[in-house]
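Below is one structure, written out as structure tokens; the observations come after it.
Chain nomenclature is as follows: A, B and C, assigned in order of appearance, with residue numbering initiated at 1 for each chain independently.
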Amino acid sequence: MIRDHKPKAVLILSLPVFWLLGKLQGSISPYYYQIIIYIGINIILASSLNLINGFAGQFSLGHAGFMAIGAYTSALITSLIGAGGGLPTPLVFLPALAGGGAAASVCGLLVGIPTLRLKGDYLAITTLGMGEIIRVIIQNLDFLGGARGFTGIAKMTDFFWVYSIAALLIYLLYNLLHSTYGIGYLAVRDDEIAAESAGISATRIKVSAFIIGAFFAGIAGGLYAHFVTYINPAQFGFLRSFEIVVMVVIGGMGSITGVIFSALILTILPEALRAVAMYRMVIYALLLVVIMIARPGGLFAFGSGRKKATASAAR
Amino acid sequence: MSEFFQQVINGVSLGSIYALIALGYTMIYGVLGFINFAHGDVFMVGAFVGYYLGPLIMPLTGEATIPAGLAVMLAAMIVCSALGVTIEKIAYRPLRSRPKLTILITAIGVSLFLEYGGQLVFGPDPKLFPELIPSAAIIDSSDLVINTNSIIVITTALALMLILRFIVFGTRMGTAIRAVAFNHQTAGLMGINIDRVISLTFVLGSSLAAAAAILYASVYPSINPLMGIFPGLKAFIAAVLGGIGNLTGAAIGGMIIGLTETFVTGYISPAFRDAIAFGILILILLFRPSGILRRHETEKV
Amino acid sequence: MNNRGKLMISLTILGLAILSACGGSQKSDEILIGEYSSLTGTTATFGLSTHRGLLLAVEDVNGSGGILGRPIKLLTEDTQSKPEEAATAVTKLITRDRVVAIIGEVSSSRSLAAAPICQQNRIPMVSPASTNPAVTEKGDFIFRVCYIDPFQGEVMARFAFNSLGLRKVALLKDIRNDYSIGLAQFFEIAFKRLGGEVMATQAYSEGDVDFKAQLTALKAADPQAIILPGYYTEAALIAKQARELNMNMPIIGGDGWDSSKLIEIGGKAMDNTFFSTAYTADDPDTMVQKFVARYRNSFGETPDAMAALGYDAGRILFDAIERCGNTQPECIRDALAKTENFRGVTGTITIGPDRNARKPAVIIAVNDNKMSLREIIQP
């Protein structure tokens, strides 16, 4: 198979671009900057969920739980290391994020394995339940601040961190999709039994989807925590999971670009509609229903992504 | 010892309510094959119907009397049935041939719509539910207090469940429902009008949810548009616990969840109130996914 | 790129353009004050009351020519009773709307989320009613016009021990918020110091509706009273369910109970309950009565402590701006810190070096669906 080096080149080129853009942070209003950061974080969240839902076909409703674990773990790490003081930010932040991601992926493993046998709705409810259990556990751990939350997290997140990680994730997903391993994902999603009989280990695919998806959700959580500097368990409930699911579904499950755009629009929209915030969720909900009926493939998928997304929804 | 008895009463009372909601879930799952996420929110609407109609009906029937409670419950059941049937017609019917995942997401969408729409229409603040059923203490010692509230909840729930049982197992409509639950296509070939049966199922399920709501709000009188989320989820778990698609199972499952929740909250820690049900769910799905009273489901290759 | 791609890009640009256009017009001589409060959500009456109190204060000032000859414009953001919304609201007020000072919030959790942002941006923040001590510790730009929980816990303990003669109580706290946990702690410390005993402790979560399990457990410990430092909705429901379980002992709470909804929801169950707060509408002082009358006139309700505190917070802030002579945030901050013996409707207020207010507390007794003044406790 001829290797296509373009994606790798794009990824590598984008890093210094992001670094430069990051330096411009001071010139835009903090309010807009905040929105841009949130867009990036949501891209990571939605894309990582896309891997689980769209690619591997495991309908997970507990993504916020992974995010929570990543957020709290990384916050814990930076507050412990940071206490020593004086270390340059990347040296503290990177291990913290990685730690958060790792903890989350362990959870991904713990969620992925028992749910192997489950399908559709059962899987959805179970992952929902697991997300809630994670939240309740955190809520009862006093050293994490419990229900009152974890305050005073160092503000380390910036444009460069968020967008380079997002770019990395997109690159990984793109590569995965265009590899033989990736086809295994789609095969499992479309017809597990047929895939198994073709020699593909559905178990390995599904579990790896959860692990990788959870890893990046955890990193997104870490980025989020080190931006808002205050986290509490209520921010990671199933409503948050739903929001991410909505991004993936509206973007088109299985479509990389669709989900990116969806994350973008669905992050900007609530801020633009701040004046009518109460209507926002009602519109969201209606949108969801209408799209499912009219265009289950998602609104923003186009190109090859669209075909995959529609195929994904037509299972 | 009396503390124990008190907790038992609390638990059975709560469990009866969960059972009623669970029956709706299990029936809809049996007939349509998916989790109606919006069921908990139909429950919520029932409570608000009671809130608004209560003060209107009570001047006629007298305040806090059994006829008041019954009248309001009936009204709520009618409204919720209409709501349930409408939802089915608009949101679920067009998707009947589509994969389950699509309907699931749609159900989530409907659920969110009812919740946030409710916040818009009713206001997000908690409201005080009117006292519809008499609340006096029957057994009233310093140790043990049994309130008429609890008695009414338990007996009403029991009565409704028996009525449902009669409908499903003793009437032709009921047989039609069971036929459709068993196999859509064959039932259709037998001349059963699938659409009508499904609508009927929603009527029954939503009515039970509405009744559950009136009972719930009478015991826990603070209502708000998001009140259906957790009871709905727990009731669904109860349905799974009992064996999804199995009516008796749903009732038993509801009791188990209600009792467990009360005991863990009272004797261990209230912090885990909501997580218990999910814990039970995971255990059940790990070890006995078909539920306590099974209903066999084979997957055809 | 295909057509749809172009469509997406254009939509995005359009969206961003709309966003930036939403800057709002600003008349150049208005003084912009930001407010963040919970106008919706589980503690909506807190936000609504403070907002209304603040509106009256703004009316006062604008009616008499404004401050330094300039009118005050109040920009309000709803926190929906959520801490993360508080953070976003405050960020928006400071960075996009460029307010010179911020008033808010009632709930300590939300104030704690917003305070670091105000401090970082060096914009003074005045909390009308957050009582958790950690709030003003966030920085020297953060102030409050109410007392703090160590004092309130002491007040509740003194009342329970001295006035009601209680020696053995049970504690029922809300683990969902800082305020309740903090107040419970301070009460326990103070009560024990006086010689009392906390025999049992149970907990619930804000938003719960079923407390029978916890109450039954507390009942078994046979306390003389229940201390309930939570918010009004749960307090009322708990009182109801307690009475249903034949638990008729006194129930004592803090200023989180202060809302008309307490009696609305609790009804007769609230008989034999007490709570501490910052002010009472029964205060015969003429200034208070004038405020009460005006509030009733404008909003059709008797003002509660949150409304009174909102009013005072506004007036203290405006007074500080006046004393300062300009609208520089730094200057306003310094003036606020020097506030001394300011006559407010919630008492005579002096801002101490820790930026908290020293003032008396009142104990309100609830009986027959009415609240009445029971006792005043000085610091």
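Please note the rule applied: a contact is a pair of C-beta atoms (placed from the backbone, for glycine too) under 8 Å apart; a residue touches a chain by one contact, two chains touch by 3 or more.
As the structure is a prediction and not an experimental result, all values here were calculated from the model.
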item: Pairwise touch network: line, ring, star, complete, or other; value: complete
item: A-C compared against A-B, more contacting pairs; value: A-B
item: Between subunit A and subunit C, centroid-to-centroid distance (C-alpha), Å; value: 36
item: Inter-chain centre distance, subunit A versus subunit B - centres from mean C-alpha coordinates, in Å; value: 33
item: Subunit C residues counted as touching two or more neighbouring chains; value: 40, 175, 205
item: Multi-chain contact residues (two or more partners), subunit B; value: 119, 269, 271
item: Sequence positions of subunit A contacting 2 or more other chains; value: 139, 278
item: Of subunit C, residues touching subunit B in the complex; value: 40-42, 44-45, 175, 202-205, 208-210, 212-214, 216-217, 219-220, 233, 237, 240, 244-246, 264-265
item: In the complex with subunit B, residue positions of subunit A that touch it; value: 59, 114-115, 117-118, 120-122, 124-126, 128-130, 132-133, 136-137, 139-140, 193, 242, 245, 249, 278-279, 281-282, 284-289, 292-293, 296, 313-315
item: Touch list for subunit C against partner subunit A, complex; value: 2, 4-5, 8, 11-12, 15-16, 18-20, 22, 40, 78, 80, 82-84, 87-88, 91-92, 94-96, 109, 112-113, 116, 175-178, 181, 205
item: Of subunit B, residues touching subunit A in the complex; value: 34-35, 91, 94-95, 98-106, 108-113, 115-117, 119-120, 233, 236-237, 240, 269, 271-272, 274-275, 277-279, 281-282, 285-286, 289, 301
item: Complex interface listing, subunit B residues touching subunit C; value: 3, 6-7, 10, 14, 119, 124-126, 128, 135, 137, 140-142, 145, 147, 149, 219-222, 227, 262-263, 265-267, 269-271, 273
